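One structure follows; several queries about it will come next.
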């Protein structure tokens, strides 16, 4: 299992809608609206890096209101 | 009660209108047009973080002329 | 209860030691070494913002190897 | 009377001490430790811009633990 | 009297037109096209900060070709 | 097997020495001195993310002349 | 033969399609979707710098979904 | 005679066309497509700073495909 | 005669001393402590670009407390 | 033959000395002190990329006063 944090810049007024859409995805363990330079932070899990890559590019990046994503892999040390 | 500063980048020519709209919100304690890298700085208050989150994403970010917001929570130490 | 993500830039060679020291703090729910622009990401919890502020400035920032911290509050919406 | 926000980057572990030292200055109306890209935000007041400039460069910038300051003038519109 | 430098990013091909429009404003003491990260730098004067704020947001930011402005107040020390 | 690109900022005059030291590590598939914002780019491989994390923080970051590292995981899609 | 890494920022949802289109080009030795500040990293080869320049500006930059490219030349030391 | 380097960010797929258009201008001594954070670098010459300013804002910035320019004056020491 | 604005980042507590030292140089027409991302802004004049270059690198950059300078040439259009 | 521009950030007061040292190297076709975000720009030539890499890392980066270098390869299209 691989884990990653995904930092999301959302369109104005959209952070809650984006967080809610994220929470509808099985791979998303948590998705919260936050303060600071990012609008939403999601913790996601996938069987391997390939599956993780697809979740980010095909599911998360296509949610309406998502403007930019930055992914940080959990190395587990 | 939680407090936060919200730094706002406004569209060209809109800072005063944005500040005025902000001052119409009950949660906004002060909203001023400033010099420097941001255009408007608001000091807001809400009963808890959830309410604060909603004020920012549903009220402030939807004001016409607001292009980007960055929120700094007051930790009170 | 308030939650926050703390993004940490660590000195070269120190991320694991920083993550380990973080995991020794009761307020730290998780602390992992990550890839990307930050070295370590911690999820912390405290009774209120004041307590949260003290954990960050008095406990986390004083761990040997911590060079910069950036805190993102979970707004819970 | 002129007002300004001063955003302060503090040395690791020093934000509380810096905020406390700031609150000891008569020109400082408020000084709080915050989350986000800055560590401390002060609201200051002075009779005119000259006095304001001196407070920042001769009083605030010489507080132990202050690494960088960025000042935003309140224009009052 | 308060003075400020206003750094202006202009649309491609527009710096001279922007500088010329600026020079038509009574509050503008000088406005020149420059090299470096900004396109035009204006030195402006106003009776007080409120008037200065209005010149920037209502007159300068509404000149055709002005994309971003950054204002630096002269503290006079 | 997981793969990652590690972008390295090296001290002045050290890129070749850093690249050479990297090529001495079994996990490093290639390490080259490059032009552009980074000085050296390494392609590394490890059995899993934990092993990858250790290579980066305990082996690569402790090479003399390595000032900063930024890791990009290959997702394989 | 000259080699270069090309870091690519892709439109939301497009990294996989961009990587796939890249892998269709004979000059592209590898093209992978990655985590971190870039979306796709390609390793390309060309007989000389002129040919390399044309591959980047006429083939890679015209792939649908490519928003920005940054090229790092392999110096081979 | 004054000399300046002009760093140009070009639209995707346009660097060669921009460089070619530049080479058609008498004031342009050289214009080449480059790797790194800029797309094209031109070396230009003009009788004085005023003429130089006009070449940049009226000729170079109006070439189709030029998105941003940054000018560095040669001081000749 | 050539004119330039020099933006100066000063060490903490030093802006006034730097501005004062600058005002002692014949080539400096004005030097003021300012708010915003820079600490001091000087307007300088020299017979030609060579002389201007020497004023910046040999006189201004060697003033105690000057950490970084960024020069913007006045093109006069 | 390969050509590259090398943008150099120099220590305060050192640009002229750095430019002079550069002009002493056979591979350096021109080296000038400039205004803007860099201090010195050199145009260098070498038989191939390997030789170019060595000139930058072993000769240019070891000149006293050179703090950072950024290299842009001329692609010749």
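Chains here go by letter, A, B, C, D, E, F, G, H, I and J, matching the order in which they are written, and residues are numbered from 1 within each.
The criterion applied here is as follows: contacts are C-beta pairs under 8 Å (C-beta built on N, C-alpha and C of every residue); 3 or more make two chains touch, one makes a residue touch a chain.
Listed by chain with UniProt protein names: A, B, C, D, E, F, G, H, I, J = Transcriptional regulators.
Model, not experiment: these values are computed from the prediction.
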Minimum number of chain-to-chain contact steps, chain C (Transcriptional regulators) to chain E (Transcriptional regulators): 2
Chain whose average C-alpha position is farthest from chain C (Transcriptional regulators)'s own: H
Equivalent-chain rotation between chain H (Transcriptional regulators) and chain D (Transcriptional regulators), CA atoms, steps of 5 degrees: 180
Approximate Å spacing (C-alpha centroids) for the pair chain F (Transcriptional regulators), chain I (Transcriptional regulators): 41
Between chain I (Transcriptional regulators) and chain E (Transcriptional regulators), distance of the C-alpha-averaged centres to the nearest whole Å: 20
Inter-centroid spacing, chain J (Transcriptional regulators) versus chain A (Transcriptional regulators) (mean Cα positions, whole Å): 42
Residues of chain E (Transcriptional regulators) touching at least two other chains: 15-16, 33, 35-37, 53-54, 56-57, 70-77
Touch relationships between chains, expressed as pairs: A-B, A-C, A-D, A-F, A-G, B-C, B-D, B-E, B-I, C-D, C-F, C-G, D-E, D-I, E-H, E-I, E-J, F-G, F-H, F-J, G-H, G-J, H-I, H-J, I-J
Touching residues on chain C (Transcriptional regulators), where the partner in the complex is chain B (Transcriptional regulators): 2, 48-50, 52-54, 56-57, 71, 73-77
Interface residues, chain F (Transcriptional regulators) side, partner chain G (Transcriptional regulators) - complex: 3, 5, 15-16, 19, 32-38, 41, 70-77
In the complex, chain D (Transcriptional regulators) residues that touch chain A (Transcriptional regulators): 35-37
Touch list for chain H (Transcriptional regulators) against partner chain E (Transcriptional regulators), complex: 4, 53-54, 56-58, 61-62, 66-73
Chain H (Transcriptional regulators) residues touching chain G (Transcriptional regulators) - in the complex, by the definition given at the top: 12-16, 33, 35-37, 39
